[in-house]
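Here chain A shows up in two complexes: once beside chain B, once beside chain C.
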Partner chain A sequence: MAWGFVGPSVAIIVALTAFPAVWSVLLSFQRWDGIGDARFTALRNYSRLVSDADFYAALRHTALFTVIYVPVSILGGLVVAALLAKPIALGAFYRTAIFVPFVASAAATGILANYIFDKNAGIINNALAGLGLARQGFLEDPRQAILVIVTIALWGGLGFNVVVYLAAMQDVPPHLEEAARLDGASSLQVFRHITFPHLRPVTVFVGVWQTVVALQLFDIVYTTTRGGPIGATRTIVYYVYRNAFELADFGQGSAGAIVLFVVTMVLTAGMMAYSWRRNVEAF
Partner chain B sequence: MPVGSRSASGRARPSVRHLVLMPLALLFLLPLEQMLLASFMTPAEINAYPPTIIPSRLQLDGYIKLFTEAPVLRWLGNSLAVVVIAVSAQLVLCSLAGYGFARLRFRGRNVGFVMLLATIMIPTQLLMIPTYIIFAKVGWLDTLAAAFVPWLVSTFGIFLMRQFFLSVPVELEEAARIDGAGTFRTFWGVILPLARPALATLAVFTLLGAWNDLLWPLITISNQDWYTIQLGLASFQGQRRTDWSLLMAGNVVATLPLLVAFLVAQRQFVATMTLTGMK
Partner chain C sequence: MHRPALARHRQMAALLAIALAGLGLAACAKTASPSSLDTAADVQLTWWTGQSEDAEQAAEALAKEFTQLHPNVTIKASSGAPTTPDLLQKLTAAFASDTYPDVSYAYGAWMGRLADSGKTLDFTEKVTAADIKWDEFPEPARITASPGGRVVGFPALVDVLSLVYNKTLFDEKGLAYPTKDWTWQDFREASKALTDPSRQIVGTSFLVSGDEDAVWRLWPQVWQNGGAISDADGNPTFDSPAGAEALVLWRQMTVDDQSVYLDNTGVKHIPMFASGKMGMIITGPWSLYDITQGGVDYGVTFLPGTDGDHQSISGPDIWAAFDHGDPNRAYWTFEFLAWLTSADVDKRWSIASGNLPLRSSEKASPEFATLIETYPGMDVMEANLEAVVQARPTHDSYVTLSRNVGEAISQVLQGGVSPQEALSQAAAKTRDAMAAE
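Our next item is the complex of A and B:
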């Protein structure tokens, strides 16, 4: 009887998550183009990763994106939520405006960004030209492209953090803030010593969530730069995609995916262990 | 303590908050406004300098090209089918499994649930290569199945429903059982109707994920007939790099359904985010 309830779901998850996960570990020790016979090659794919400049570049780009995107989205979400927490005229408008981009798909967001940052037609370069400044390459400039992609991702992702923080702020006991204020604390002091400590668990949650999102960056890159210009925006997932589906090297792609998995695990486990040691219950 | 000191040392005055929030809100809306306007402009207007602020008239060329030069209606239909299948399947499968793990007694329940939860840690990207191979072997490449099968059930959904069912008082089920209802009838007739908020949350989350998904269709579908709207957009981006009115019209068409759904059901959307955010 009980298996009638849980059986179908468990079967699908075993077939489409657990089994492929184990298989991808095996694939990472093989050389296979998907057509001929797979050949066991032990650690060859991993040793190629270690000596592959493209892979280091992918790691570097992903790390740069993560290191900027995660803190800025957390800090920005916190500040905007704090400004919206107490009733304010137009509050619903502000909240909606900042959250709406989250609903747009990564594909639509990427294509829109191509237009906004276009050298000739884009509003930003037109504004620069209007101010008498030089037009910028943005997504076409290898030095600027990854920073532009961070900006695009923040546009799409900030609303999520704002909404999560806003919800958490509703749970801060109002009488505590009120008491502190009556004792003469400034609003910054109230926020620092009363509100923020209550927000630590949600901060850990948002940090873990956005780190996972950042490490998996792919869709926006695919619909803006396709990893270019000259490879300047290739990320780890792009490396996996490129090796498996453009170069038909499933083993090499799987090895890259395993590294992504390990990095994700280590980082999220580290963040959670840190929060546990400081007695923050995030999950 | 004098009454006046509260406003002096109180929180930031509304005018200061508006000073930050208004420019930020407008900055966030600007790209969407640009997208909408460009979809109604001629190429000449789009490329003009100084830039065109408001199109001279509602130029529909972009939309006409969009629907005549590519099977966009079919792509929208494909996406709709994927979403309907994904949402229905998740509502049924996740609530059944969630109830099973919350309430029914069977061997291996707790171990099974913990192992299930562990799969949340596995990133989709780790699965994409083996899943591609599996789909190739069973002949699902270039079919709609490739786009919806990965969305049929989710560990997150099972977890969400289980947490909800745990919060329902056991007495309700005992009363139903005393009245002679079997396990399934108790679940279907008594417990599931109470779960509407959790089901709505699950539906919203699945809708958002399945409609906006690019990764699965991208790697498994190459026949235009089975493109989803997101994959169609991505293919335009490759072939029509600067045909802005067409690209922006495509963006509007692909984004509008969710945007309308969001504005209509904003409360539920926000509740969803909150629920996934904490609790």
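Our next item is the complex of A and C:
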């Protein structure tokens, strides 16, 4: 009876997720340009992947992005949430302001970022020039581009962490905090010994979430640098997109997507195992 | 308690399976196609125009007009996709699900792959008819519409790369305007003289977007130097000294002279010229609207040349015609495209959209004269188009070749790699990808 109610929705969701996933696996064993007929090539795409310098570059860029983005977003989210947890003037405004970038579309974020970080006419470079400092290339400099992408992603991603942490902080039993203060603990000690341990499950959840988001970075790259300059911001998903839609090699793109899927599964399983062992009820 | 629930569960599963199977069968069922030609039979054609709003309205009006002339033919016109580049993905999906149209707008770069799909119509014999006047189309358009020697569509749009310059900036620096006899050295010197960092004015621009829009700008110089993009089998030959020479010039201008604005998106350099911050821009008819809106006092001349050779490049787009195994649809698809691209109708389509006319015979029309008044320099671009003799390859390896050369250009202009090395690497990558076929 219950299945009768959820059946149609489940069928649609399964069709829209399972079908492309299965087709993607099949495609990774074929060679297809999207228009002609597909040809079965067994593990050819995977062996080409292993010897593709662009693939390793994409892995490196994604890893670099993830390693910087995830800890900074967690720490930043925690700090901002701790600051906003107390009743302060204009608190509601700040909370809204920090969350709005999260709901802004990637296209809007990309256009905005292009204007702010523009080499010749961007706000930041104009400010630097006004202070007598050199104009930076930002999104047009191969070494700076990925860091700028991290900044843009943080601008949007921080809001989510802040909201989740704020909600979790409401759950911290106030009598514990009061007891600690009565015993003479400072605000920092209260935070470190009372509040933070209670936030451990939420931290694991946010960590897994942001890692998966970071591994799948695509939309900001697409709307700002298109993987440039000279491929410096090409992430794994952009590599998949480029192979499938720009180089017309859907099989190769699918192989990259399957590899990303496996990596994500392994990481997620690892984090869940960690939380299960430490009895942290994150999931 | 468990048995009845399980039985009901099985029943629901069975019903669901039957429903899905039924849907699947319905989707797969096709109506039988007629096997012999009957020009009076009712026919419905699907036309993906790839145009944005205003042009799409004009297209639909033309479709209705054709139906008035031939009442048994209805044409379902739609833009096909939100933006023109998205059309390729739409076509891909449509091929997979057998819902592809009869006519679709296609970028020239797609033609090789579309022809290889085996789903295109073959007009090779039919276009030789005298009333089609196939030779009135520019040669690059005819070549692009005939990948592998088979004509699979009609030209939809022709353009050309010419040199547009800002007269005000030239006057300020006391420089003589570019002429039809300019060499690339003249171009380089002028660009350097026009660059003025204190006013944020730059001599000219080049693209580092890594896509075809960047790559096709290199080809005229490669051709002028006597080189070729690829051979008859699609193997890359652009890494010859002729190719490297073209890229060396741009590298010198960008790195040594610092007179080139590098546009990484392809859409920033035109507004920059239109706002009076650039001395010269190599572009085509599509930019003249923005430039006139920007109020720049501009002039147009031929692309700079090498040893008197000013050949330029055209990027024709094609109305690709697709085969549905129905001789009536095939017949009317041809008739419709022949009518759409005829001189009388095209005047109202191409010229009205601010594009160059498809046929050389339209030059004499009052519509073209009006176009030249609205956008001075269109006549120079038309003349430059007539000087285009070569076309980009239509071999399906061109897609990969283009991307690799795009990356090479970025590496040379932004990354300090030497032109010959970057082009050799791009050629090697293209050969590897072709070998993996």
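To be clear about the criterion, the second predicted complex is superposed on the first by the 279 of 283 C-alpha atoms of A that agree within 3 Å, B and C clash if a C-alpha of one lies under 4 Å from a C-alpha of the other, contacts with A are read in each partner's own complex, and residues count from 1 in each chain.
The rule we apply is simple: a residue touches a chain if its C-beta (ideal position, glycine included) is under 8 Å from a C-beta of that chain, and two chains touch if they have at least 3 such contacts.
The shown structure was predicted, so the numbers you read here are calculated from the model rather than taken from an experiment.
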| item | value |
| --- | --- |
| Fit or clash between chain C and chain B when superposed on chain A | clash |
| First (chain B), second (chain C), both or neither touched by A:Val190 | first |
| Partner chain in contact with A:Arg31 - chain B first, chain C second, else both or neither | second |
| Contacts of A:Val150 with chain B and chain C, given as first, second, both or neither | neither |
| Partner chain in contact with A:Phe245 - chain B first, chain C second, else both or neither | both |
| Chain C versus chain B, contacts on chain A by residue | B |
| Which superposed partner A:Met169 touches (first chain B, second chain C, both, neither) | neither |
| First (chain B), second (chain C), both or neither touched by A:Gly228 | second |
| Which superposed partner A:Leu217 touches (first chain B, second chain C, both, neither) | neither |
| First, second, both or neither for A:Pro20, with chain B first and chain C second | first |
| Which superposed partner A:Asn120 touches (first chain B, second chain C, both, neither) | both |
| Clashing chain C stretch [against chain B; choices 26-34, 80-88 or 188-196] | 80-88 |
| Overlap of the chain B and chain C footprints on chain A, listed as residue numbers | 1, 3-4, 34, 114, 120-121, 226, 245 |
| List of chain A residues in touch with chain B within their complex | 1-6, 8-10, 12-13, 16-21, 23-24, 27, 34, 79-80, 83-84, 86, 88-90, 93-94, 96-101, 103-108, 110-116, 118, 120-121, 123, 126, 129-130, 155, 158-160, 163-164, 167-168, 181-182, 184-187, 190, 201-202, 205-206, 212, 215-216, 218-219, 222-223, 226, 237, 240-241, 244-245, 250, 253-254, 257-258, 260-261, 264-265, 268 |
| For the chain A and chain C complex, residues of the former touching the latter | 1, 3-4, 7, 11, 31, 33-36, 44, 48, 114, 120-121, 139-140, 142, 225-231, 242, 245-249 |
| In the complex, chain C residues that touch chain A | 8-9, 12-13, 16, 20, 88-89, 91-92, 95, 113-114, 116-119, 200, 208-211, 262, 264-265, 396, 399-400, 403, 407, 410-411, 414-415, 433, 436-437 |
| Residue ranges of chain B touching chain A (in the complex, touch as defined) | 1, 5-6, 9-12, 14, 17-18, 20-22, 24-26, 28-32, 34-35, 38, 46-47, 49-51, 93-94, 96-97, 99-101, 104-106, 109, 112, 116, 119, 121-134, 136, 149-150, 152-153, 155, 158, 183-184, 187, 208, 211-212, 214-215, 218-219, 230-231, 233-234, 236-238, 241-242, 244, 247-248, 250-251, 254-255, 258-259, 262-263, 266, 269-270, 273-274, 277-278 |
